[in-house]
Structure formats: structure tokens, C-alpha cells
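Next up, some structures in C-alpha cells.
Two complexes are shown next, each including subunit A; its partner changes from subunit B in the first to subunit C in the second.
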Partner chain A sequence: MKRHNGRDAALFLAPTAVTYAVFLYIPIVSCFVIAMSDYDILSPLNFIGFSNFKRLFTYDRTLSTYLTTFKLAGMVVILHTIIGLMMALIVRHFHRRFQSVLRSIYYLPSILTTASVAIAWRYIFHSDLGILNYFLRQLGLSNIPWLLDPQWVYGSIAVFSVWKFVGGAFLYYLIGLETIPESLYEAAKIDGAGSVSTFRHITLPMLTPTIFFVVLNLCIGATQMFDEPFFLTGGGPGDASRTVNLFLYEVAYKEFNFGYASAIAISLFFVLAIFTIVQVKASNKWVTYDRA
Partner chain B sequence: MTVLNFSKIRKGALSLLALAIALLTLLPILWIAATSLREPSISMKLPPSFLPKPPFIWENYAQVFKSLPFFLYFRNSFVVAVVATSVQLIFSAMAAFALTRIPWKGKTPVFLVILAAMMVPAQVTIIPLFIVMSKLHLINTLYSLILPATVYPLAVFLLKQFMATIPASYDEAAHIDGAGRGTVFWKIILPMVKPSLTVAGMMHFLFVWNDFFRPLIFINSQTKMTMPLGLHVLQGFMGAGSISIVLAGVLLSIIPPFLIFMVGQKYLMEGMASGGIKG
Partner chain C sequence: MKRLFIATAFAAAAVFGFANGQDEASTDSGVFGGDDVTLRFVMDGTVEQQAWMDELLADFNAEYPNIGVEVIWTPVGAEGWGGYFTKIKTMIASGQSPDLAMVASEGFQLLHEGKLAVPLNDYVEAHPELVDEYEDIHTKLQNACIIDGNLYGFAWNWNNVVTHINLDMLEAANLPFPSANWNKEEFLRYAQAMTIEKDGKKQYGTFIPNYNFMITGWLYNFGASVLNDEMSAAALETPEMQECMQFMHDLIYKYGVSPAPIPGDNFISMMTNRQVAMTFGGRWPVPAFVNADLNFDIQYVPSFNTNQVVYGTSMFPVMTASKHPEEAFIFSAWLSGRRSQEVYLSSFSIPTRLSVMDKVLPANPPENAQLFKTSADSARVVQAPAQFPEVEAAFMRAFNTIMSDPNADISGILSASNSDINEILSR
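Take a look at the complex of A and B:
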């Protein structure tokens, strides 16, 4: 029975083909083209070769925003990876019902609108009137200039980011922990292994694929950070917390330098692609994929 | 005996730790709720409150609607999220159908092209889209937010996974009864993948509702703003003095995602998990 397979497949794929082409793949190519120009939306397209790309490596502000982004991302990735794992290890000790209550609470901030809660956190971080410093003073400590000091802003964004997004890493770990066969733990118990050595020799190796996945996801997400600095610090003080994405936004929509902004976007695209490739390659070496 | 005591102590310590983390997680939200009901003039007065204490100033919530077209923001966010999610779900389900239930060559490369879209950062497409939208006079319309949001590769992935588990005998039986592919898709397969549609739908709805970057660039007229952008305006408007009014707005804006989470958290977390399997 002939059923026009090719025609039907084309028909069913047509909406996806059109929307992906128009809203994704053609814009990607256009981004490269615009990056070769000094387009400002008003004057016609004028090509200037690779000078926008050259400027990426010579224009200090771009390099410094990249440095800021990597510093922030590194901090966020380390904190989420460790805290998320600790939370999952704690939660796993409880009965099913209590576990699911804790899971819901821990995951809740992850689904809330980042913009909304970041607006609230700006007040929480307030130096004199914010509740964080209020608690510090109650403990006899002195105020921390959370959003006002170029060093502390990293900590502030990290604190917010952990509160807001650690639920994601936590959930992945919790699922990863569930896939570790109980028999391995029983065998370890029989061998008289303590909890530290069980963690080192069973939990950690069995969890490496999950850790790898979490780190990869966090790297990709954190490198594109936008909402957090936009609402908490506006990139300040000075340029202290200006991420690449925030800088790109300003170059495009405050300076209307679409050519240069596109070059920044392309560079970000490659950085993320390199991240992915490096992580996949590295994972082959240290990830235990066979989960018995 | 000592072992038993030790494990009891450990269990107690773990419970305390677990509750402390839960408290830290909820405290900012409680603070938002409690402060949103305070008199605006003392909204930042210390000590802070974490549980609403009378007098409750419900006027703060009314003030949010009085000072800005807050209801419009709600409506816009809702229209954009519902329309984009519905259209996206149908398109993604059709693609997943073509990728799992019709025999043809080239499925794998097509699927990879769709999946690769997940890696593309929004910043790469936003400038060309902005230029096209402004040439087509779609800037400051909800179309500028809905149209690009019809692309959601994760939904194709989730739906394809699920559809692949449905035995081919369902299609065959329907074909023998004379049903065409459209009927099989609409009447048989689509109802069977409802769980995946729910997961992908909720995840996408949340994504669109929470998105700030696209509205920030495509919308600048008050009447077309979505919730997060409207809150940004409210903050600029009221942030200096009356933070209880700003926080009232914040609380209102997180109610829809919160409700979705309460209703569908089981599905949502499953969706997160299956998104994680792809590694």
C-alpha cells in the first residue's frame, strides 16, 4: 500500500520548517552579514569587512565584559554544582512524602519570573534598609555594600542566582541519585565502607554523567546572563557587573551600532559552541557512562 | 547502641538543615508578600516582616492598577503565552509525527537541525529579527513576541520521545479503516501524547511568561507591554518611595507561574528530567 510518505512528511514538517527558517536560521545567517557592516537601521547597509570582529579583540570594554562574564559564570557554576548536590544528598535521606514537599519548595524559585523577583531582591540587597544587612547587624556584623562595591556585586549576583536557580541543579542531582542501584550501597555496607568512602567510591563516580550535564547546562546559561545584572546592578558599579549580553544590548539599542552588536553576538555564539565541544570531549575522559 | 544514637543525631541534624534551606528559600517570597501589605511610607522600615501583620493595606494592590495599565500587562502576557504555546505545540507535534510515524529518508539530519536550535542564544537572532520586525511595522505589536516564540525545539524533542513509544499497530489499524494521515494524527496520536503536550506546554508557557529580553527590545509602548516589562516600569515609577506597591506588583506577576507550578509540578519536574536525559 503506497501512502505518499514523502509528501506527507513534507506537509507535517512544513510549519516547523517555515518557522525555524524564518525566526531562527535565516536570522543567524543575517547576523553574520550585519556583523560585516556598520548598520544603524536608518542608513542603508554598508559593508566594512571584518573590522567589527577585529574590534572585538582590541576594544577594551568588550574584553572586560567577557572577563566579567567568565568570572561571574565560574562562580555561579561552582556554587550551583556544589550546593545543588548537597541539597539533593540531604533530601534523599527522607521519606517519599517529606522528600516531595522539600523538592517542591526547593524548586519553586526556579519557575518564578526572574525579572519580578530580581526587582524585589534589589531591595533585599539595600545597604541600610535591606533585610540581608539587617540580619548581619543582628548577628553583630557590619553592613556589606552588596550592590555598591565592585567586588561584592559578584557575591550579590551569585547569592541571587543560587536562590533563584539552584533548584535546577538540585533536581537533576536528585534524579541522578535515584538511578544509582541500591545494590551498590548494600555491597558497600557489607564491605564495611563508611559514608565518606561510599560517597567517594560509589555516589560520586556514578553521578559524574549528571554532574557533567549540570555543569554544561550552567556554563551555557550563565554565560548568557542578562536579567540578573540588568535588574540588580544595571551592570554597575561602573562596568563591574556588565556581562557580555548586557553590553551587547547597550551597543545595539542605546548606541544603535547593530554591526558591532552582531559581531559580539556571533562571538558569544562561538564561545558557547566551544564550551559545548570542550565539555563533550572532556566528558569522554572522566565520566562513567555505564550505570550498571 | 551508640550507632543508633549517632544515626538519630545525624537524622536530626539533616532534618534541621533541610528545614533551614526550605526557610531560606521561602523567606524572600514571604517578605515580598508581607511587605506588599505594609503602609507605603513605612514599607522599608526595619525590622522587616515576614508574615503579614494588620493593618493590611490592600490599597497597595489597587494602587498598582491605578498607576499603570497593569491589567493590560496581564492580558498581553496571557495572550502572548497562550497563543505562542498553542501554535508551537501543534507545529511541534506535527514535526514529531513526521519524525516518528512516517517512513522517509533524512529523519536524523532533520531532527538534528531542529535540536541544534536549542543551542542558539537569543542574542544571535534578536538583532535581525528586530530589523525585520521594524521594517514590517510589527515592533510594538504582540505579533513581534508571538511569532518568534513559536520555535521551541524542546517540545519537538519531548513529543518525539513519547510518540516513538506508541506501537505502529495503532496507525495500521486506522489506515485499514480508511483513515488518512491527518485523521491518525489528530484523532489517535495527539490524544495519546497528552502528557507530553502538558509538559511541553507548561514549560513553554512559563518560558514565554517569564521572558524579559524579547519584550524589552520589541515593545516600548505602555499598552503592549507584558508583565515583566510592566514591572520594570512600575519600579521606575514607584521604586524610590513606595516599595510596597512595587512588591504588590511583583507578587501579582508571579501568581500565574506559581499556579502552574502548583497544578503541574509533577509534570514539570518530569519534563525537566526527560530534558536531562538527552545529555
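Take a look at the complex of A and C:
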């Protein structure tokens, strides 16, 4: 009987195990193997040891793309976290029927194709021909080099990212707010707590698991940012907005240097793993799971 | 020796068979065997062009019922030819190699050095009757398809870089149409005269080119180029290159006659939206200009230091990984014929056949369209080493850095890019 159970279990698990092996484990192992090779996909693998990993620390462009990624990710995570929460808090104050309308409006950009809306935003941000600077000029102000200046370009990408993707954080917060027991707010009201005090002592602590989830996901997503710089700036000006993922793609598919691209991918994996572990450890100090 | 062989082969072929062309070939559709095969063919094109290709394929299948063709439409898109070749290489690497593909000049060295395409010399020698009037193809354009004596295909379409001028804006500025040998000072005067601001909206006199091919059109006229003549080293530190970049930069920031380019900017829509008065390109923007009722004409790129037109051509090479190289050669030769050019290239791009150019150019706008043909005689092919995608990316990174910064250290940026490109070429 036991033997039968084991066989049945293996049979049931087989499809999932095979899927994982083919689409996850084998590619991961392959990535490590390719990272130790000189490989252009048209010629056979040529093992070169750790040269690609050494290059990670010596090639200026790799290091600068990491720096760019961290700057952009930091900005995007902060903005998404705060704006998403503010939107959820505002929507929650409306009548239920109106809430569903606002939910749809706020989430709409998330379901649009990034490429098409990015083209529209490129026109909006265009320094000389864009509508944003047109209005600034009407107000007597000067053109802002939204996509041309290495400093302004971060803000422009962040604005686009918030407009396009904040709907995700907003929805998580809205769901999180729904799960906070109404009795807590009633008790606070009876005790004479004001709205700021209620938010600080009830909403925020009760929402910490959601905030943690949102921040963790945003950190992972933002560190792998690709779409926004690819479509808006092409990584420019120069390398100013070239993220690690965009650089990795170019090394792989423009230079056909799959060995080095794999080494970058592995380095990104470890950076993300370290980030995640640190965040999970730190979360013990500020995330409240007790809802009793 | 190889060159001699090719020359002899073509001379013989021209005498014995080329002129007879496809009619003769059509009587022997099973010339290389006769089994039914389906070729995988990679082609760039729009929806409208796909309809033209359907028409051609129907004709081809009537002549060669045993050769089917599956067209894999692969738009060149925003990443340019570099991105297009990347897609073809990926197909080859994945074991899904096309049998043949449309490839532009930017990829010829890549095909040759990577041994990705089959030299067609033997096929042509064995079956010259399959090639439709070889001597009708412009010699200079066809020569680009022969590398180290290896013939990889027949020049099918080509493009150069000329100046597109909005005639309404020209008239509004009371300027005559520029002469063929207009120079830097005249160009600047024209750009300044056509730059106006009305109701907070600025109309720019020009838009500096922002794609590698068009920039090359300017570089050649400054006597500069990204690489040396042998394409063995970068040449970004020459005074001519510095002068060209400085002039472009000045057009944006000193004279204010051109918007600062952002990667991906579409000069065609800027022209059709009447935001700029002059842009630079070949014949490919013409359909969009006509559809937008733009009153325009073309003139040479100004002779900044010299007058050297850039060109890029395309052909249909047979891939080394093809399982049906003979049939692919038949289709490549057929598609390079006059009929194909008349159907596909009447309004889009420039045909390479002298007879087709003479037929379609005068029948279509702009008025000065014959310039598309005459410029071929003195044109110089766009530089494209085997590492073209990387070299292009490195140069464009430097170009965009310069053009986005009002205070750019032009010589410093060019010098750094020069080192980058030399490093790429040395791999």
C-alpha cells in the first residue's frame, strides 16, 4: 500500500517536476555553464573558467549600469509604495459603486501595452516638440530636458513607471485595507481617535504585511527593470538610463556574448537574493502579522 | 584568381543566357530536382508590402509549382538592421534557419565572415539562364554583393541619403530650391530661414539625422567616417569627424534650427506633421510623405566638405544552413528579376535595375526623383564590418551623448568611443 502511495505521488508530481526541470532548473544550470564559456550561440561552447565573472568587476559599463539600476529602483520603489498607498486610501473613502469605477481607472494603464504607451510618453517628454514643455513655455518657463539630461531622465522614467505600473501596488493596498477589521476603527472612534491617529496606530501597523509584500515585489521588479528605459530612452543619453537587464540583453543579443550575459544574469540573481534575504530578516522588526 | 573566375563566369553567362531570362527557366521548373519543398524566407516589410509579396509569390508558384515559400515577416523596427540580423542569427542558432533572407549591406560582411551564406558562383555558372538580365543591375550596387570573389546574391533594392525639403515652407521663407552643390553656409541659411515660432509652437528648419545610415550620409560629405577605409580601426578622432559633430551640435544648441534628437525619434512623422522643414533619408519615406499630402522634393545632402553619397543595397542570400540551397537559389534569382522590382519597388525604396529605375522613378513623386538614380554612380557603400551591431551601438551611444548635452565635450566623447570601437574590432 505504501509503495503504491509513493508511485501515485510520483505520477502526480511528475508533470510539475518535469515542467520545473525543463523551464527552471535546466536553464539555471545551463546559465552557470554558459557563464564559464565563450559562447556566441552559433559556435560550440569554449570553456574559459571565471573570466566572465572577473570582467564583472573590471568593466566600467557593467558597474555603471548597476549604479543606474539601484538609483532608478530606489526612486521607483519609493514612489510606487507611497503613491499606491495614497490612491488606495483615497479610493476607500468613496462609495462602493464609485470605488469600482476608480479601481478600473487606476488599473487601466497596467493592462495597456508598454511599447505603445511608451511611444506616446516619448512624445509627451520630447524636449523640443513635446506637449509637456509646450505648456511650460506657455507659462513662461524654459524647456526641461526630460529625456536628454542624465539627471532628469531618472525622474522621467519614474513618472512613466508610476503612471504605467502603480495600479498593481494600489490593488494590493486596497485588498490589504479591506482585510483590516472594521471593529478596530469603531473602537478607535469610540476612544476619540482622529483620522491621523487612526492611520498611524491602526491602518499602518495592520497594513505592514501588505507593505512588506509590495516593497519586496517592487524591489525585485525594479531591479530587473527593462521596458521603461528600453522604450523611452534606449538606455541613453549615453549609458545614463541603461539598467542591468537592458545591458544584459544588449550583451546577449547585440554582441552575441552569451557567456558574459550569463555572468551578468547570475550576478543579478545573487544581488536580488541578498536584497530579499536582508528585507525578510529586517521585516521581523516592523511587520505585524498578529491580527487578533 | 577568384575575381578573374567570377568575371569570366559572368561574361560567359551574359553572352549565353542572362538576356534570355526567366521565360526559358520557367520551362524547366525542376532544374535542380523537382521534389516539392517549402522554403523559409525572412523578409522585412509592412502590411502593404506583404500584399505585393503575395502577388509575386503567386507568380513564382505558377512558374515553379514544386517550390513553396513561407515568408517569415521580420520587421527591421526601431533596433535597425543590427536587430534584424540578430533575429536571423537567433533563428539559425535555434535550428530554424531560413533558407534565404533579405539582407542589407549592413549584414554582408557578417554573412561572409561568419560563413552564414552560400557563395552562388557555382549555381550561376551552372544555370545562368535563371538570372534575369544581369547587366541591367547597376554595376556599382551589384559589386557590393560580391565579397572576395564570392557572389552572395543580386542587388535588389537600394537607398541613399538625400535632403527632403518641404516646398511650402521653402516658399513661405522666399527661398529658391537649392542647387545640387549647395554648401554648409547655404544649408545653414536655409535652416535658419525656415525656423519660425508661432503661437508657442516652433517649426524647425531641419532635423539632424539620428540613425547610423543617415548620419553616415553626413559624415561622408564632411570627408569623415566611423571606421577607416579598410574597416580595421575606428576613425572618430579625425578633424573632419570633429567638425561634423560640432556642426550638428551647433545646429541644435547654437543656432536652434534642429530639435535635439532622442533615440527612436521618427523623422518621417516630424516631416509629415510639418514640425521640420528638411530631413534626410532615402526613398523609403516617400510613401508616407505622399500619403500625408506633403508638397516636397529632394536634393543632395549639402556638400559640407565634399559630395559623397552613401548607399546601402539589399540582396537575397542563400543561408549555409539551408536544406534546399538549389531551390533557394532559384527563388533568390527569380526574386531579383525585373518583375519583382516593378511590383515591389515602384513607390518604395529604389530598384537596382537601370530599366526599372527609368520606368518607376519619373512616374512617381517627387519631381527630382531621378536624383535617386543618378546618385548611384558616385555613391559609396555604408561601412559595415562583421561586428556592425556592436560598432553601430557604440557609435550611436557617443552620438546621443553629444547631441543631448549642450555642453558636451565632443572630442573627449569621440575619443572614448574610438577606444570602444577599436576594442570591439579587435575581438
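To be clear about the criterion, the second predicted complex is superposed on the first by the 270 of 292 C-alpha atoms of A that agree within 3 Å, B and C clash if a C-alpha of one lies under 4 Å from a C-alpha of the other, contacts with A are read in each partner's own complex, and residues count from 1 in each chain.
Methods note: contacts are C-beta pairs under 8 Å (C-beta built on N, C-alpha and C of every residue); 3 or more make two chains touch, one makes a residue touch a chain.
What you are looking at is a predicted structure, and each value in this text was computed from that prediction instead of being measured.
Chemist: Mind checking subunit B and subunit C on superposed subunit A, clash or fit?
Modeler: They clash: once the shared chain is superposed, the two partners overlap in space.
Chemist: In the overlaid three-chain picture, which partner chain does A:192 touch, first (subunit B) or second (subunit C), both, or neither?
Modeler: neither
Chemist: Using the superposition on chain A described above, determine whether A:140 touches subunit B (first), subunit C (second), both, or neither.
Modeler: Once the two structures are laid over each other on A, A:140 reaches no partner at all.
Chemist: Hey, is it subunit B or subunit C that touches more of subunit A?
Modeler: Higher number of touched subunit A residues: B.
Chemist: Please work out whether A:49 is in contact with subunit B alone, subunit C alone, both, or neither, and reply first, second, both or neither.
Modeler: neither
Chemist: May I ask you to decide whether A:238 touches subunit B, subunit C, both, or neither, giving the answer as first, second, both or neither?
Modeler: A:238: touches subunit C, not subunit B.
Chemist: Per the contact definition in the header, classify A:41: touching subunit B only (first), subunit C only (second), both, or neither.
Modeler: After superposition on chain A, A:41 lies in contact with both partners, subunit B and subunit C.
Chemist: Mind working out whether A:126 is in touch with subunit B, subunit C, both or neither, as first, second, both or neither?
Modeler: both
Chemist: Just to be sure I read the superposition right, which of the two partners does A:16 touch: subunit B = first, subunit C = second, or both, or neither?
Modeler: In the superposition, A:16 contacts subunit B only.
Chemist: Classify the contacts of A:253 with the two partner chains as first (subunit B alone), second (subunit C alone), both, or neither.
Modeler: both
Chemist: Stretches 129-137, 147-155 or 255-263 of subunit B: which one clashes with subunit C?
Modeler: 129-137
Chemist: From the superposed pair, tell me which subunit A residues show up as contacts to subunit B and also as contacts to subunit C.
Modeler: In subunit A, residues 41, 119, 126, 129, 134, 231, 253 are touched by subunit B and also by subunit C.
Chemist: In the complex, go through subunit B and note every residue touching subunit A.
Modeler: The contact residues of subunit B facing subunit A are 11, 14-15, 17-18, 21-22, 24-26, 28-29, 31-32, 44, 46-48, 90-92, 94-95, 97-98, 102-104, 110, 113-114, 117, 119-132, 134, 147-148, 150-151, 156, 175, 181, 185, 206, 209-210, 212-213, 216-217, 227-229, 231-232, 235, 239, 243, 246-247, 250, 253-254, 257-258, 260-261, 265, 268-269, 272-273, 276, 279.
Chemist: For a test of understanding, state which residues of subunit A touch subunit B in their complex under the given definition.
Modeler: Residues 1, 3, 5-6, 8-9, 12-13, 15-16, 19-20, 23-28, 30-31, 34, 39, 41, 87, 90-91, 93-94, 102-109, 111-117, 119-121, 123-124, 126, 129, 131, 134, 163, 168, 171-172, 175, 209-210, 212-213, 220, 224, 226-227, 230-231, 245, 248-249, 252-253, 258, 261-262, 264-266, 268-269, 272-273, 276 of subunit A touch subunit B in their complex.
Chemist: Contact residues on subunit C for subunit A in the complex?
Modeler: Listed in rising order, the residues of subunit C that touch subunit A are 82-83, 86, 89-90, 92-93, 114, 200-202, 204, 259-260, 262-265, 270, 275, 389-390, 393, 397-398, 400-401, 404-405.
Chemist: Under the stated contact criterion, what part of subunit A meets subunit C in this complex?
Modeler: These residues of subunit A touch subunit C: 41-42, 119, 122, 126-129, 134, 137-138, 145, 147-149, 231, 233-239, 250, 253-256.
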